[in-house]
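Structures incoming, each one as C-alpha cells.
In the two complexes that follow, subunit A is the common piece, with subunit B as its partner first and subunit C second.
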Partner chain A sequence: MSGGSGHFAPLGGRLFTRTFAIASVLFLVAAVVLAQRFAGGLGAVANINDGYPWGMWVVVDVVIGTAFGCAGYVMALLVYILNRGHYDPLVRPALLAGLFGYTLAGVAVIIDLGRWWQFYNLLNPELMHGDSVMLEVGLCVLAYTVILWLEFAPAILERLGLRRAERIFDRGMFLLVALGVLLPTMHQSSLGTLLVVLGHQISPLWQSQLLPVLFLVSAILMGFATVVGEAVLASTGFRRPLERDLLGRVSRVMAYVALVWLVLRVVDLSVRGAFPLAFDGTVQAGMFWVEMTLHVVPLLLLASPAKRNQPPVLFASAALLLAGGIVYRINAYLVGYDPAGGTWAYFPSVPELLVTLGIFGLEVALYLLFVKKLPVLHRPEAHQA
Partner chain B sequence: MGVIMRDGQDSGTVPDHYDTRTVGDPDGYDGALGGLKRRDFLKFCTGVAVTLGLGPGFGIRIADAATKAERPPVIWLSGQACTGCTESLLRTQHPTLESLILDHISLEYHETLNAGAGHRAEQHKEHILDKYRGQYLLIVDGSIPTGEAEAYCMVAGRTQRQSVEEAASGAAAIIATGSCASWGGIPSAAPDPTNARPVNAVVKDKPVITTPGCPANPYNLVSTVLHFLTFREFPEVDDKGRPVFAYGRLIHENCERRAHYDAGRFALEFGDEGHRKGYCLYKLGCKGPMTYANCPVIGFGDVAGEGAWPVGTGHPCFGCTEEGVGFFRPLHSLSDVENVEPPSAYPRVQAEEGEGVTPGAAAVVAGVGGAALGAGAVMTSRLARSGKGDGGDDSAGDDNARE
Partner chain C sequence: MTVNRRDFLKGAVAGAGAAGVTAAAGPASALQRPTPELPPEAVGLLYDSTLCIGCKACVAACKDANGMAPEIHRDQRPWNQGTWDTPQHLSADTLNIIKVYRHGTMEQKDRAENGYAFIKRQCQHCIDPSCVSVCPVSANTKDPKNGIVGHDPDRCIGCRYCVLSCPFGVPKYAFNDPFGRIQKCELCNHLPAGQLPACVDVCPTGATLFGPTRKLKREAERRLAAAPGERLHVPRGDIEGRVGGERLGHDAEAARYQDHVYGESELGGTQCLMLSGVPFDKLGLPTDVPDYGYPAEAEGIQHTLYEGLVAPAVVLAGLAAVTWRNARGKADGRPGDADDGPDSGDTGGGP
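Moving on, here comes the complex of A and B:
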C-alpha cells in the first residue's frame, strides 16, 4: 500500500539505542516467563482460573492490542475508501502499528490457549460451529493479520528492490484494502458480541445490546489515537517535522468519533436505566467514571479548532483517548465481569504482567527496527515539496 | 416331574398373526397372573410392551399371550455358574417369578427350583425333551467346560456339553442368560482351567439369544421370553445375539453421571471430593464407555429400580455384560472410549478460585501506570515548551533521540 514508491524512506541510523535496549530486556524477561509457561502449563505462571478464563493476556494483548492495531484499518478507511489521498503519509506507519498489534495479538492467543498445539483445528471446516462468535473473531483476526502483512509487503519489496513484485502488489491492492477494512469491522464488533454472550455476568454498566457498536466505534477511535500519538512520538523521537495540518485534520475526525462514542454510551446507559449503578460507590462505579473522564477530557481538549493541531494537545488527547479505550475494555471484560457460581477472584500475576510488558517491549523494538531499515516513514522533503 | 406341572393340555397352538378376532373378552383378563385386576393387568402388559420398545398398542397382544391357557415348556440347564442368575430371577418384579412360571411358562426342569431330585427329576426332563420336541424353550446359564476338562461339570452322568447339545437339538429356541453362558464369563477368564466356553460355542446349528450380565438382569431375560411367547419370535438382536432393546446402547450414553464426564469433572480416588459429589467415575476405571447394557435406565438386577446400580452407588461399572471387558480388564484400569474421546488433560476436581491481587502484582501495575502517566505528562509539557519556540518542527526528543 503505497502512494507511489519513493515517498517513503528508511530512517537509518544506529539500531542499538537505549530505548531499544530497554525494550529488548523487557522482552527477554517475558521470554523466560514464557519458557516457564510452556514447560509447566498456564497454571504455572498465570492467575486465570475457571471463573476468569480470560485474563490479562486476552484482555490486554488481544482485545486492547488489536484495538491499537486499528490504526491501519482507520487510515485505509480514510485514504482508500473515503478517497482522502492527502492522508497518505500517515498510512505506512499506521499499517505498521496494525501489523504489530495484530501479529502480537495472535502470538498472545497462542500463549493463552491451554492446548495451543491444537490451534490449527481452527481452520478445520469439519470442526467449525457456525454460530460461534469466538470462531468468527479467531478466523477474522487470523485473516486480517495475513492481509496486513500483504498490505505492508510493498514496503519490504521496495527495500529489497523487487520492483516487479511491488507492481503486482499494487495492482491487487484494492482487494487487500477492501478486505482490510471489512475484516476489522467484523471482528472488532464481535469482540463486543463476546460479552453480550456472557449475559448477566457483565454489570449493566457495560452489558448492552449495543456492545458490538460501542466496541467498533471505540476501536476506530483508538485507531485514530494511535495514528496521532505515534506521529507525534516519531517526530519528536526522530527529530522530524511534524505533519501538523494532517494530524489536525485527523484529530478533528477523532474528536467526532469520540463524540459519537460518548453519545451512544450515555444514551444507551440512560435507556437501559443503568445510570444509578454509577453512583453506588463500588469499584465498578469508580472505574466507570475513570473511563468516562478519559473520554470527555480529550474531547474538550480537541474542541477548539485553533488548538487542535498543537503538538501538546494532539499528544495529550491521543494518549488520554488510548487510555480511555484501554480502561473501557478492561472494565467491560474484567472489572464489570462477575462470574457465576463461586467466589472467583482474579488479578494478573507478576509473570502475566511481565509477559504483557515484554510483548509491548517487542513491539517497540520491532517498530524501531522496521522504521530504521524499511521505507515506512514519509520523506520530510517529499512532504514539504 | 418338576415342581410346576403343566396344565392338562398337551399342546396348544398360538396364532401366528395377531387378529382382532382373537382379542378375548376384556372382562376375561380379570384375575389374570394370579388375581390381578383387569386394569392392573393391562397396565402391566402395556408396560412390558413399552419396555420391549413395541409401543403401548402391543400391550393387548402381550395380555393375550399371557392369558393363553397353553404355556410353553421351558428347560433350564445350569453349567459352570454361581447361580447368581437364578438368584436374581427369583427376585424379579416384572412380573414376579411366581406369575412367570405359573402363568406364562411352564418351567419343567431347573436344577435349583426342581421339587423332585435325582432320578425323578432327570426322568421328567427326558420325558419333556421327548414329548415336546421342537416346542420347548431352552434357557442355559453358566459356561460349558470343553476339551480335556469337559468332565468337570457333570449332572446325572452326562457332561454339561452333552446335556446342552441334547437339549438344544430339540429346542424351539435357545436363550443363554448371564455372562458365563453368553460369552464365557468368569470361568473363561485366565487361567481358565476348564476351557470354559459359552453356549454358542457348543451349539452352532441354531441361533442363540444371549442376555449377558453378572448376573443377567432378569428384566431383560423375562422381556425376551415374553416377546417370544407373544410373537413366536425373538426381538431384534445384535451381532452377539443380544436383544438391542436392552443392549443397543453403551452404558456411557445413558449414564446419570454423563454430564460430569462431558464437563470434565471426575472422581480421582474413592472418597475424594469429586467422588463424594457424584462426579464421573471414568478415571476410577468405569467401563461404561465400552459396555453395552441398559443398567442406567432400569437399574441393576430388577431389584430397586432406577438409580440402584453400581455407578449409582459410587462404584465404576466393570463391564460384566461385555465380552473381553468384565473379568478380563483390570477393575480400575482406564476404559477405552468408543464414541466421544475425553480430553487428554483433565481439570482438577477442586477448581482454584483465584487469589486476587498480590502486593507484587499491585506494585508492577502501579509502577507501569505511574510510569505511563509520568512519561505522558513529561512528554506533553516538553511539547508545550518547545511548541512555543519553533512551532511544529520541535525537537524535544526522547531517549532514542539522544542516542
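Moving on, here comes the complex of A and C:
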C-alpha cells in the first residue's frame, strides 16, 4: 500500500527454521491427501455426506479463513478511510495476513468443489445467476484476492527496485483501497446471508435476518484480533519492540466492536424470543454459551486502559476473540444445522483435518518467507509515534 | 452506503421480530420479495399415502428409468448380492424412495398410535425452489411453463449449496465419484414425450398420480371431502388420461385423512402434493414452516443491497473519493499525522 518506501524493511535471517520445516511437512502431508481426493472423489477422504454437504473445508478454510484475512480490510478501513496515518506500521503485516487468508481460501474452494473442472462457469455472464448469494460471494472473494495482491505489489516492486512501477501503483492506490474496503464488506456479510435461505434447518439460536450484519461485524472483530495477535507474536517471535501505544489504541477499537456485536446478538435473540433455547440443555445450547463466553471474557479483559497495554492481556483477548469468531461460525454453519430428510451426522475425518492443517502450514511458511525477504515489517527506528 | 445499511438494519430488525422463533406463517419482513405464481401448465404428482401399499415398484422403476445402480446397505453386503435394492435415503443413486412410519404395535395402517404409514419422497418441484435460487451458475432451472425443476450437470460447479439448502433434502451429490454430479428427480422429463413418469407408470393403486397441479389439487380436495369409509373412484396414471394413455381406475374406501393437502401452501407451495392419514411431521416432512419460500427472504436481502449494483457503485465512489482526498492531503505535505506522509518522494529508497 502507499506506506512509502523506506518505512518497511525485510527481516532477513535464516529461512529454514524449525517452524518453517514443520509448516512445510504439514503441507506435504496435505498434498498426499489431496492426491487421493482428486483420484477417488470427495468421499474418499472427507466425511461430508448428503446431510452435511459442507464440512471443514468450507466452514474452516473459507468462512473462518477469510475472516482471519479481514486483518487487511480493517487496517485499510482505519488507516486510509478514516485517515489515521499513524496505524501505518501495522498495515503491511495485516495486508499479508489478508493475502494468505484469501488466496488459500480460494485454493480450498477449488479443492472442495465437486465439479472443479467447470469452475470457470462462475465467470460466464450467460450462466451467472444474480439472485444467488453464492455467486456474489464467489466473485467478490475472487476479485478481492486480486485486489489484495495488487495492494501488496508495492512491497514486491520495492524489493525488486522497480521504483517507477511502484509509483504508478501508489497513484492508483486510492481505488484499490476503496475496492479493498467495499468487497469484504459485501462478501463477509454475504457469508451470513448464505444461511438465511436454509430457514428452519438452522436453529433459531443462529438463524436470523440479521445474519449478514452479525457476520460482517464479527469479521471486522476477527480482523482486529488478527492484527493485534499477529503484532504481539511477531514482536516476541522476532524479538522486535512492540508497537505498544499503537496496539493499545487498536485494541480499544476492537473492544468497542466486540461490544457492538454482543449487543446486536443479544437484542436479536431476545426480539425473536429465541433465548429459551439457550437453556434446554442440548449440545447446541452448550455451544451457544461457549460462543458467548469467548466474546464476553475478552471484553472484560480489555475494559481497563491500564491492562489494555500489557502484551499478555492483549494477546489473550485477541486469541479469545478469534476463538469466539471461530466458534460462532462453526455454530451457525454446523452445530446449529439440522439437515432435512433423515438422520445424518458429521465429524471431520483425519485426512480432512490434515488438509486444513496443511493449508495452515502453507500459510505460516509463506508468511515467514515474505517477512524475511520482503519489506513487510516496520523498521523499528522509523517510528516514535 | 451508510443510508442503505441503516435502512437495511431497520427492516431486518422489524422482520426478525415479526418472524418469531418458529418462523410462523405470514410475510416476515419488509425486505421480502413476493412468492412467484404457479406456472400456467404446472404438472406434478399427487401421492396419497393411504392408497400406498409399500410395494416399492416405483423405487425400482425410477432406478430403471434413470439408469441407476442398486444400493446395498453396509450390514447386508455379506449376503445381499445386489438383487435387493435397499437404500436408506435419497442419494445420487436413488431419486425416489418409500419410507415407513411405525409406532408401537403397528396394528393399523394410516394411524399415528400403534400404527404405520408409508411416505414417498422425491423432488417436490417447488413453486419457489431454493435449489434454483441458490445456484450460482443457473445449473438448476425451473421451466417457465410446466414448472419442472431440472438440473444441467454441464453448468454445475459442484458447490453443493443446493444440497444444503433444499428444505426437503432432495438434491444429492455423488461423493464417491471423482467426477461426481448432482442428481435429483426431474419428473422424468428425459423420457420420450407421451410417456408417464416411471414411478406413476408402475403404481398399481394410483397412490402416485400424475397430472396438472391444479387438477391434482382438486382431486385431493375431493378425497378430503369424502366421509371416511365412503366409496371413492380412484384414477391411475395421468389424471387427465392423456399422458401414457387412458387407464382403468378402481374403487377404494376413503380413508381417515388429515384435513390438509401437503404442498398446497408449505414454503410457497409445491407442484407435487400429498395426502396422509397420519400427521405430516410424523412422515418426516417439514410442517412448522412459513407459507412463503425461504428464497423470498434471502433474495429480498440480496436485492435490497445489490439491485443493479447501484448501492455498491455509490459506496465505491464515496470510498474512492475519501481515500483519494486523504492520499492527496498527505502528498501535499500536510502535517498532522504521527508518521510522515507517504510518497514524500525520493527520501528513503530501497535497501
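Definition applied: the second predicted complex is superposed on the first by the 383 of 385 C-alpha atoms of A that agree within 3 Å, B and C clash if a C-alpha of one lies under 4 Å from a C-alpha of the other, contacts with A are read in each partner's own complex, and residues count from 1 in each chain.
The rule is short, and it goes like this: a residue touches a chain if its C-beta (ideal position, glycine included) is under 8 Å from a C-beta of that chain, and two chains touch if they have at least 3 such contacts.
Computed from a predicted structure; not experimentally measured.
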* **Simultaneous placement of subunit C and subunit B on subunit A, clash or fit** => clash
* Could you say whether A:Pro312 touches subunit B, subunit C, both of them, or neither, answering first, second, both or neither? => first
* To do: Identify the partner contact of A:Val263: answer first if only subunit B is touched, second if only subunit C is, both if each is, neither if none is.
  => neither
* Thinking of the overlay built on chain A, is A:Thr236 touched by subunit B (first), by subunit C (second), by both, or by neither? -> first
* For A:Asn49, select first, second, both or neither according to whether it touches subunit B, subunit C, the two together, or no partner. => both
* To do: Spot which of subunit B and subunit C makes contact with more residues of subunit A, would you?
  => C
* Figure out whether A:Gly138 sits in contact with subunit B (first) or subunit C (second), or with both, or with neither. => second
* To do: Once the structures are superposed on A, label A:Leu369 by its partner contacts, choosing first (subunit B), second (subunit C), both or neither.
  => neither
* To do: Would you check which partner chain A:Ala35 touches, where first means subunit B only, second means subunit C only, and both and neither mean what they say?
  => neither
* Check the residue A:Ala303 against both partner chains and state whether it touches subunit B (first), subunit C (second), both, or neither. => neither
* To do: Would you check which partner chain A:Gln201 touches, where first means subunit B only, second means subunit C only, and both and neither mean what they say?
  => second
* Residues of subunit A at both interfaces, subunit B in one complex, subunit C in the other -> 43, 48-51, 114-115, 342
* To do: Sort out for me which residues of subunit C touch subunit A in the complex.
  => 1, 8-9, 12-13, 15-17, 19-23, 28-29, 31, 88-92, 121, 130, 133-139, 153-161, 163-170, 172-182, 267, 284, 286, 288-290, 294-295, 297-299, 301-303, 305-306, 312, 315-316, 319-320, 322-324, 326-327, 329-330, 337-339, 341-344, 347-351
* Asked: Within the complex, which stretch of subunit A touches subunit B?
  -> 13-14, 17-20, 22, 43, 47-52, 114-115, 232-233, 235-239, 241-242, 244, 310-312, 315-316, 319, 323, 342-350, 352-354, 357, 368
* **Of all residues in subunit B, those that touch subunit A in their complex** => 344-345, 347, 351-358, 360-362, 364-365, 368, 372, 376, 379-384, 386-387, 391-403
* To do: Enumerate the contact residues on subunit A facing subunit C in the complex.
  => 2-7, 9-10, 38-44, 46, 48-51, 53-54, 80-81, 83-86, 88-89, 113-119, 121-122, 124, 127-129, 131-136, 138, 158-159, 161, 163, 167, 170, 173-175, 177-179, 181-182, 185-186, 189-190, 193-194, 196-201, 204, 208-210, 212-213, 267-268, 271-274, 277, 339-342, 375, 383, 385
